[in-house]
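Two complexes follow with chain A in common, the first pairing it with chain B and the second with chain C.
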Partner chain A sequence: MASKRSPLSRLSQAQSAALLLLPFLATYALFLVYPFFRGVWISLHDWNLLEVAFNPDAKEFVGARNYVRVMWGRGIEWSAWARPGLQLFALAGLVLAAILHATRRIGRGPAIGLAAAALLLFVVAGIHAGEEGRWYDRRFWPTVGNTILFVALTVPGVTISALVLAAAMNRETRAMSVLRTLFFLSQVLSVTVVTLIWQIMFSPRQGLVANITELTGGSPVNWLTDERFAMAAIVIPTIWWSLGIAMILFLAGLQDISRDLYEAGALDHATGAKAFWYITLPNLKRTITVVIVLQIILHFQVFGQSHLMTQGGPNDETQVLVRYIYQTAFRDSELGRASAMAVFLFLIIGAFSVVQFLVGREKD
Partner chain B sequence: MSRVTLADTIKKYGATQVIHGIDLEIEDGEFVVFVGPSGCGKSTLLRMIAGLEETSDGRISIGGREVTRLDPADRGVAMVFQTYALYPHMTVRENMGFGLKMTGHRKQEIDAKVSEAARILKLEPLLDRKPKALSGGQRQRVAIGRAIVRGPEVFLFDEPLSNLDAELRVDMRVEIARLHKEIGATMIYVTHDQVEAMTLADKIVVLRDGRIEQVGAPMDLYRDPDNRFVAGFIGSPAMNFFKAHVAGDMVDIEAFGRKVRQPVRQLPDRGPVVVGIRPEHLRVDPEGDTHQIDLVESLGGVSYLYLVSKSGERTIVEDRGDHHRRADDRVGLAFDPEAAFVFDAETGQRLR
Partner chain C sequence: MLSRSYFWLVTALSIPAFLWLVPTIWMVSLSFQPNDVLARTTSSTALGLVPIPFTADNYAALFAFGQTPMWFLNSVVVALGMTLGVLAVSTTAGFALARLNFPFKAPIVVLCLIGLMVPEQAVFIPLYTMFADLGWHNSYHALILPRMAVPIGVFLMMQFFKAIPKDIEEAARLEGVSWLQIFWHVMLPLARPAMMTLAILTFLYAWNDYLWPLVSAQQRDYFTITLGLASIQSNFAQSEGLGRVMASGVIASLPVVILFLIFQRYVVQAMTAGGSKG
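So, the complex of A and B:
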């Protein structure tokens, strides 16, 4: 099939590949790479959004001062018992990594990863403001903590419920394909619609949740303004919202598992829950890891749920990093400081992207 | 002890019936091969015995115990799959011991049984590898090992050699035969390859369209087929069939251009029949000119001649010795009437 007149055929394969990639690379460079470096550059300046907009010279190079102002304080100390709970947990993680590796339950790479994460937690949790000291920005680390808590609740929630749904719906019947579509449907809604639906759901007067609470004899709570429930009130809609993609990935993973394995399992007394534990889960390990890492990356960027449902409240309980960046930049006009926070967020997400890349490359 | 009995076994998928009332007795320790063309229901029948397919009607019993409605794991069978179906995330050792682990056996006991099976199959050096790191033949040996470890009453093999290359297939065939001799358990083996059937079986069950065509020892099926289908299926190259007419006590075979004294006692008085003659029972008659040699396949000690008659019928002749036949030569055919089979032209039933 010699397409003599096609202009593409006169180019070498590498040239035509470059040509086809060009539009993407140009867009990527213009809208992602350049803004990123611009952001890093801004983060090194004292940069007031409004002033610089009117007078480009109204910025001042300050080096790392924005980072210090955001992340550090006066009289910051470190001790091994600043937060005993967290730090003991971290030490337990360190021991667990050693045990798992010694008993050959996990390989060297995951063991090192787990140990490094545990060590990092141990060190970071030990940092605190001393007697006379104080943080320059009291809200930053609590906001980071809230974001991590949000991710820590959402990601297992999404992963486990998507996995259970996928396993239940992994059948070629009409009813199941209808259900699959229904469960995926929430994914296509925008965050505004999702939060609106759930604001109504959580409404203490007419909401479904309040009605159920009353039916079971409890007194309805105002989820969105109650300190104990506000985080749950943004986690639950998020799980409902982002279930679809994870479920589709799991369904694809499940369909990759040969039916023969379940038949062999049936002859080996492994059916039902045992089959799920001994055959399904091990064969889904990679899909599960990919889903978890993708969800972590996605949910660290949470903004809409917090902004629209709880406005970060009550008492900053649901204030999350992106919302804080947004407020610092566009409400307080502190573009430099906001950029420093954005770079911090980038590093977290970048770290998980590296994990995802490594997992994707890993054989077996 | 581990007899397998099928009584009027039926399988339906909705309105479509694929197994039509099979009755079969398999003796303790027997090696039985289900053979037939694809779609004949041989795998379905095996999977019904395993419990992987539900039995729509009829009864299946193993070792005198009715198992028709039992779970696969409770039937006392182990199965070797065509695709091996090894658990990819487990080592060879774990794969082989998995069934026992699921039934709560102690670790030492599992280890002992796995080591014993590994010894029989010479798998010891591979025990700590994962299936991915094994060759096709090794994987199939592990699959067989997994079956041995379970210590079943009946071994089921579902086309276990079809995914292997030709050379390996021969090796594994020998190994399976040796295994049967060593363990002595009842084995049921499904294949579409009649060579495997002939070489392995104590008893062959020829299936077509969900019905048994004939059951018997390999050489009995070869020497005394009940019908044209079995005659054509067993033996390689396949039997030649000729259109013929009965006239008195003579059979007139068109392709031969002459009448032959009929070799069977109960011929219909007259009318069309089919005469079947195996390639090894045909001889080339250099004097004749009824056939033209289309192709010569020389395998060394033996050559296969592909002949075409004047009316276009194709015939294969086995030619032993050094005859230097060449393509396009014209020859005649001769045969020993005693070695010919006569079948009803319509039903294909053997006339004897």
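So, the complex of A and C:
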């Protein structure tokens, strides 16, 4: 090969590297780095999609006004009992972090993390519009709240069922591998297929759920338009859809737990549920954390389920952040405000990505 | 160790496994039932989970008229194009970052790592305006290019190339083989399993992506099947009939399900790698 001397073969190591890196770095710079900063820049402007499309000068620099318009209001106050339930819950989290650390159940890092999260919740939950005050955008924080509720319902649902299933199916037999395939299958479907199936599953007239309800003598409810059930109607398909990844990650984690531990446990009469509680769970702590953080990142970006199944309704009950961004940008043409919300989304996802990175690095 | 408790465990797990499959069976079953029957009842036989009365008309109609075949082809073009594009930029960059020494290597790795934190939803608005300024919307490259900028593939390939022993390339270097030839003739053949994983990850993403096609492809001629399916499901009952919409859903799922059943190991690897790193 050395005899055929083309100009390419005379490149130094650094020159070869530059040539090989160029295609990726060019697309990366053009279609990710630049758009990201452009997004921040748009968020600092009063920027109407249609007007700017016709006349590039029709935008106006407004500084942080979009952020204020979206996230703040007039006469905003803070008090320690604005949302008593949520704030008590936060204080309980703070106490829990102290107790867990004092009894050495968790390390210093997780304890500080938990305490900081609890404190943040306590402070944030105390912010409210005073008697004379009002939020500039009444829909933003409720939308964020819905997104958090969606995550708070989906993540434990997926995590717990995936964990139990993975522990039960952790054997290399034919039957178990078939069962794992069945549980994983729904994971490869697209969001529009998932919403198509479940929209009709939940249909009060044609749906399988309604048919079963009628068979058992109940009267069918309209899952997608009833305020009490709409959130459940988008959470259930999401759990059905995304159980697979969590299950596979748990199975991989279970493979790393030594058989010896279970044999030693069996001598102490720790089998079945006891073995699961005292051997499996403690040894799976890192995997569980990874799965939870991963799911939070994934489900915070929920869009399709809300957009296609409930259209955010009824009464904004299932309106989620990405859908609000999408609507603000492409229905209301308010690119500036939508971009401010997108930056907010990025900060949340970015924070959890950092946590994910730190947890992932612990292993090495 | 096939004890009685194992037998009971399998039996007990079969019930949730079957329930997990019910929604999919229901979609397939409805797609094989006549529309006039479905308009009256969806629970003809065994709650509708068995397609009796049976018909294949929904599929025939799907291919005779309507845009589903074209959307399907669009998805094939976009998914294959994106897969090839991502493989090309990821293998080259992954190799360079894993095996070569050059100035500013560490900052470049960190810069790419930061890119993993940026979700699609945080850049889709500026991307929309950029592509609009360029007049690129409603085209295949508009659907393909943004994903090529996502660094996940670079990291997958980088990790793989890092694990290859040094002596393989050192032997080649002593014979005067250039770095580009080492990449092409030595490393790429070794990287086939990793490339397979990345290809499947990208194909699944491309096939199932919804938000960016929704924003970028406004003309129905450029819809992917995933987007097309979204556009017909809002008014399915009146226009096309339940059976036909379900048939579209089955057609839209067929490639990814077949891919999954054939390459199960790679699909699982791909989804866990994609899931756990971005």
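In this text, the second predicted complex is superposed on the first by the 333 of 364 C-alpha atoms of A that agree within 3 Å, B and C clash if a C-alpha of one lies under 4 Å from a C-alpha of the other, contacts with A are read in each partner's own complex, and residues count from 1 in each chain.
Note that in this section contacts are C-beta pairs under 8 Å (C-beta built on N, C-alpha and C of every residue); 3 or more make two chains touch, one makes a residue touch a chain.
The shown structure was predicted, so the numbers you read here are calculated from the model rather than taken from an experiment.
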Discussion item. I'd like to know which partner A:25 touches here: chain B for first, chain C for second, both or neither.
Written reply: second
Worksheet, complete the sentence: Chosen between chain B and chain C, the partner touching more chain A residues is C
Worksheet item: Should A:261 be classified as contacting the first partner (chain B), the second (chain C), both, or neither?
Response: first
Fill in: chain B versus chain C as contact partner of A:187, first or second or both or neither
second
Discussion item. If we overlay the two complexes on their shared chain A, which of chain B and chain C does A:360 touch? Say first, second, both or neither.
Written reply: second
Discussion item. With both complexes overlaid on chain A, does A:301 touch chain B (first), chain C (second), both or neither?
Written reply: second
Worksheet item: With the two structures laid over each other on chain A, which partner does A:85 touch: chain B (first), chain C (second), both, or neither?
Response: neither
Response to the item:
The chain B residues in contact with chain A across the complex are 50-52, 71-73, 77-79, 81, 83, 85-90, 98-99, 102-103, 130, 132, 146, 150
Fill in: Interface residues, chain C side, partner chain A - complex
2, 6, 9-10, 13-14, 16-18, 20-24, 26-27, 30, 38, 42-43, 47-48, 88-90, 92-93, 95-97, 100-103, 105, 108, 111-113, 115-130, 132, 145-146, 148-151, 154, 175-181, 183, 185, 204, 207-208, 210-211, 214-215, 226-227, 229-230, 233-234, 237, 242, 245-246, 249, 252-253, 256-257, 259-261, 264, 267-268, 271-272, 275-278
Response to the item:
Interface with chain B, chain A side, in the complex: residues 258, 260-261, 263-264, 266-271, 274, 278-279, 282-283, 285, 364
Response to the item:
Within their complex, chain A touches chain C through residues 1-2, 8-11, 13-14, 16-21, 23-25, 27-28, 30-36, 38-39, 42, 49, 52-53, 165, 168-169, 171, 173, 175-176, 179, 181-193, 195-201, 206-208, 211-212, 215, 240, 243-245, 248-249, 252, 290, 294, 297-298, 301, 303-304, 308, 322, 325-326, 329-330, 335, 338-339, 342-343, 345-346, 349-350, 353-354, 357, 360
